[in-house]
């Protein structure tokens, strides 16, 4: 992870690949990383109807590991650099996007798709929230490029997980038969205490409290193994996304397919503008763009099954996991990095 | 061996809903229940499989509950209040048990 | 609560055969099925356990399928075409369901 | 399809006791049995869940055994000798099978 | 793990933190280690009713890993230092404590609690035996303090696992309806061949046979990852202990709650006295005290379900996992280390 | 793994243990490696009826890891050295053996055993194919001896997995009631897309594409942890082999028991001759011999359950896992290495 970048002005960081690397180079280098290639292996196996499977408890372990590693390292980073106004600004930007992107998404969906309003609200909620593995992938790509980013972005990621759920419920409310719905209170408890939110924030706090010393103790596990674990995780994501696409193909109309690619780009654009405002580094801008562009496939679906049971869970999952995630992993991330880098240079 | 007739309720329900159903069981005063994992399936909403899944959404669990015939209807009412809005279904069948007082 | 009689088909079959059986179910037009894991067992071909197994061979899965009584025979025929050559067996029993139109 | 009536015995029993029960099955001369995992439950001794458990204590397993009606009582006797001292219970129900000679 | 400490007189080892660190410092430093904090995250998640869970097969892998790592490293250590009279003395002390602590516990329980005699015997058995993860935690804390300890203590831990079970059965016998019980022979087989005992001893032997050379081969896995794996394991223990406390609250009367904290202290005191007698190092004394203070939650419960089915398994498990384990992890271990260090200095 | 050995004549490599190490030394050194000893612990636990178990999803993860690691490293190696005629020759030799060893095995089984022809064909298929964990074990042993081998042997291993299945089906065809059999097409799909084949080849390709740079990224996971993961995997194999032997004892007649030891030796002899022809290094020869000597217990059993359901799966599994695997691991591998080394020296 980064070092020293938060304290200095970002443009001052001399990027090792600064002028030489074009967007195409970047996209290519991203595509031939082991992580992305294992994702492709998974996709291939799924479409070829191979019986290759990562056992479910192992997939859950990988997800737990990823969240622990991301959270802990982010916390240790914040312990190192302290709480700055830029950190608070980024948090505010993240929360604002998580709240507002669903509104934008809902409007677009109502105009372009034939989804009923409750399903449209559910999809919108997924796009306001974030995907932790996409976050992991962009940080992995930045590390490989030795392009530093603000360590507290993991806190921003955590903060963006849940506001989108509130937005989705608000959007859906006018169209629901509320007599049948559960009381709001218990739902909120369940949403905020979703396992993935708790472990991400918990690990972040542990990292903040134990700092670099704690990080040293667990480094061989939480840091050194990260790329390898990410390879298996992305293999699994390829399998799950590929199979999800096959099962959920029927839900994927042309307009929803286009939405699942255009919406991330719009989210990334909003994030890019906010990043300029906050004065994030090139790396930090790329991360915030990726967060805005990514769509949830763990926290939001789980919350909406409880809070919005009338919505068909297969529609947003097919879009998020089957289209948006592969798009971001294969093309989006290099694009966001490239744009972020151009913007950061332009800002000087 | 002397046996006594009871009712067996089998429920297949979405995993995220498990806690809601078991709270209903407590409310209906059943003596107990057991949850079995389901690893794959197909229904009107399509096919699914637990393999490789990171989250519980879209996955199912099976709940078995042995109740006294007299209580069965009350339990069914409670359970159905949850199941009808969610993906899943309920079946009822006849079984015999040895120790009647347990249930 | 008003219930309707249906048939429950339980199949215990070798794991590698799962896909073949479910294809038969689709062919027989059932509304759905659920697969439950089996972790150990004994039969005429000996005892087995899933513990520590790297491959699926020799392991079993349980399939549950609720069908309309009228369809049960057709489903049994399809299923038996696969099961009879493989390790496994089929049972049939009576259950009641609440929403009849599902099955 | 021609079917034959049999008895299905369902047992929910503590995991550490599994081997004792299956030894009883062998003693009672049943043709086989299958063990299914149980992941959570509640009974008179309280609620439990397999999640995160390092040991088997307090966890349950489900055993299914299809037997000839004539043998059911003898099997129940054997099984009950173990179950009565432990946490768990036994149910009996009617099923039909296709190949009678298997059981 | 330690080096050279077994051969020399222990007082001669200059402890890096010798005079400077007070008990409070020590307790604080212990409390802010990543392992202990992840345990707290788990406890919190359990009490907040989060759905965070470590999948059961993963928990079993972590336990297997822990036993393999502890056993292997202990064996390699013994291979290095050979079998000494001190080793034999420690083994004898461990076995004696495992046999006798249940007697003490039983007497106390009969006087202070309203448990029936069979349940009292079962609880007593748990406190005579040991908890491998508590052992792992004390060795982790000692490593962080760079305070060496005798490597063969893992053999002592293994030796202390099962005698307590025999004691518990003897204590319960007068109160049982023996006609209904299983034959003793098969029970003993099952107890001695409990998976956790077999893997701990097996790994110990493998470590002894392959020595430092074998250790080098597996070091990246069995040694370097240890702190990280311990973090997830303790997260899981926090979840399980927290949920166990909620389910088992009804069994936890005041007298049993007090017992679950006083009994470890008494066990630690006995171990401290014996350590002086044997002439253990400060680190070794801390380990033996921790072993005596810890209560089993794997081997003994499993054995007693088979050998003493009349006993309610939830009572000792709630006490051991819900009270004694957190107590030892959070407060006991720094206390034992501090006392051990004072004693070791006093012995000179 | 190897370096530089493929390009030079093999005899020119000065083997560090060249003249000094006898077969007995080698066998002993093999036997006291942690991996082999953990296998023995597993065997012991199984025979002693301990309840020690590696959870099934963990066993599946270990197998996935092993195949990923082997495949990736092999691919990176080939990326380094390029595709040579020797590589193509080795591939051809492997495929030829996988096709023809079943014929030899079938003839022997028909003469020496009382197996029905379909079961004999099934057993023959297992012996033509390979076992990935045996491959892992021989590469581990070679690494410990610092004896290099051609990295592309993993591609040979992958190529040897499936032709044997075709042979087995051909051998069985005259004895089958073909009206009842499934259509050949779908079976072939399932065989070629078996999860273990897909991940091995997939990881090989990823390794080839990302090369040494990719390997560096994932080294802490895929390379450094390999010996440790292999220890747990072999512990599990010991447990499974031991239990399989107990359950399958009834199938293991004297003649089948002898076959399960003689057939590997014959396969190894064929491979040794072909290695001389191709001009493989001593290490490469040892690997090819081990591949030929090993018997499948994942890909072939799975394929034959689908394609040859009349065959009793317990017979070949008991032989392959219960006899041939332990034989190769404990005695075969040192023997093959020793012979390979002698041959390589003689070839000059």
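For clarity, chains are labelled A, B, C, D, E and F in written order, and residue numbers in each chain start from 1.
As a working rule, a contact is a pair of C-beta atoms (placed from the backbone, for glycine too) under 8 Å apart; a residue touches a chain by one contact, two chains touch by 3 or more.
Remember, predicted model here, so these are calculated numbers, not experimental data.
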Task: Chains in simultaneous contact with chain A and chain C - done: B, F
Task: Chain of greatest Cα-centre distance to chain B - done: F
Task: Most distant chain from chain C, judged by the mean position of its C-alpha atoms - done: E
Open item on the list: Per the definition at the top, count C-beta pairs in contact and tell me whether D-E or E-F has more.
Closed with: E-F
Task: Same or different residue numbers at the chain C/chain D copy interface, by half rule - done: different
Task: Chain centre separation (chain A, chain E; CA means) in Å - done: 41
Task: Geometric centre distance via CA averages, chain D-chain A, whole Å - done: 46
Task: Length of the line joining the C-alpha centres of chain B and chain D, rounded to whole Å - done: 18
TODO: Provide the list of chain A residues touching at least two other chains, using ranges where the numbers run on.
DONE: 53-58, 60, 220, 225
TODO: Specify, in ascending order, the residues of chain C that touch 2 or more different other chains.
DONE: 36-37, 39, 93-94
TODO: Spell out the residues on chain D that touch chain B in their complex, using ranges where they run on.
DONE: 10, 12, 36-44, 60, 62, 73, 76-77, 80, 89-94
Open item on the list: Looking at the complex, which residues from chain F come into contact with chain C?
Closed with: 53-56, 59-60, 62-63, 180, 182, 236, 239-240, 243, 247-248, 250, 297-298, 301-302, 305-306, 309-310, 312-314, 317
Open item on the list: Touching residues of chain D toward chain E in the complex: what are they?
Closed with: 14, 16-17, 20, 39, 45-58, 85-86
Open item on the list: Which residues of chain A touch chain E once you look at their complex with the stated criterion?
Closed with: 55-58, 60-61, 64-65, 68, 72, 189-190, 193-195, 198-199, 202-203, 205-206, 209-210, 214, 217-218, 220-222, 225
Task: Parts of chain C lying in touch with chain B, wherever the complex brings them together - done: 1, 3, 6, 8, 18, 22, 25-26, 31-37, 61, 64, 66, 93-99, 102
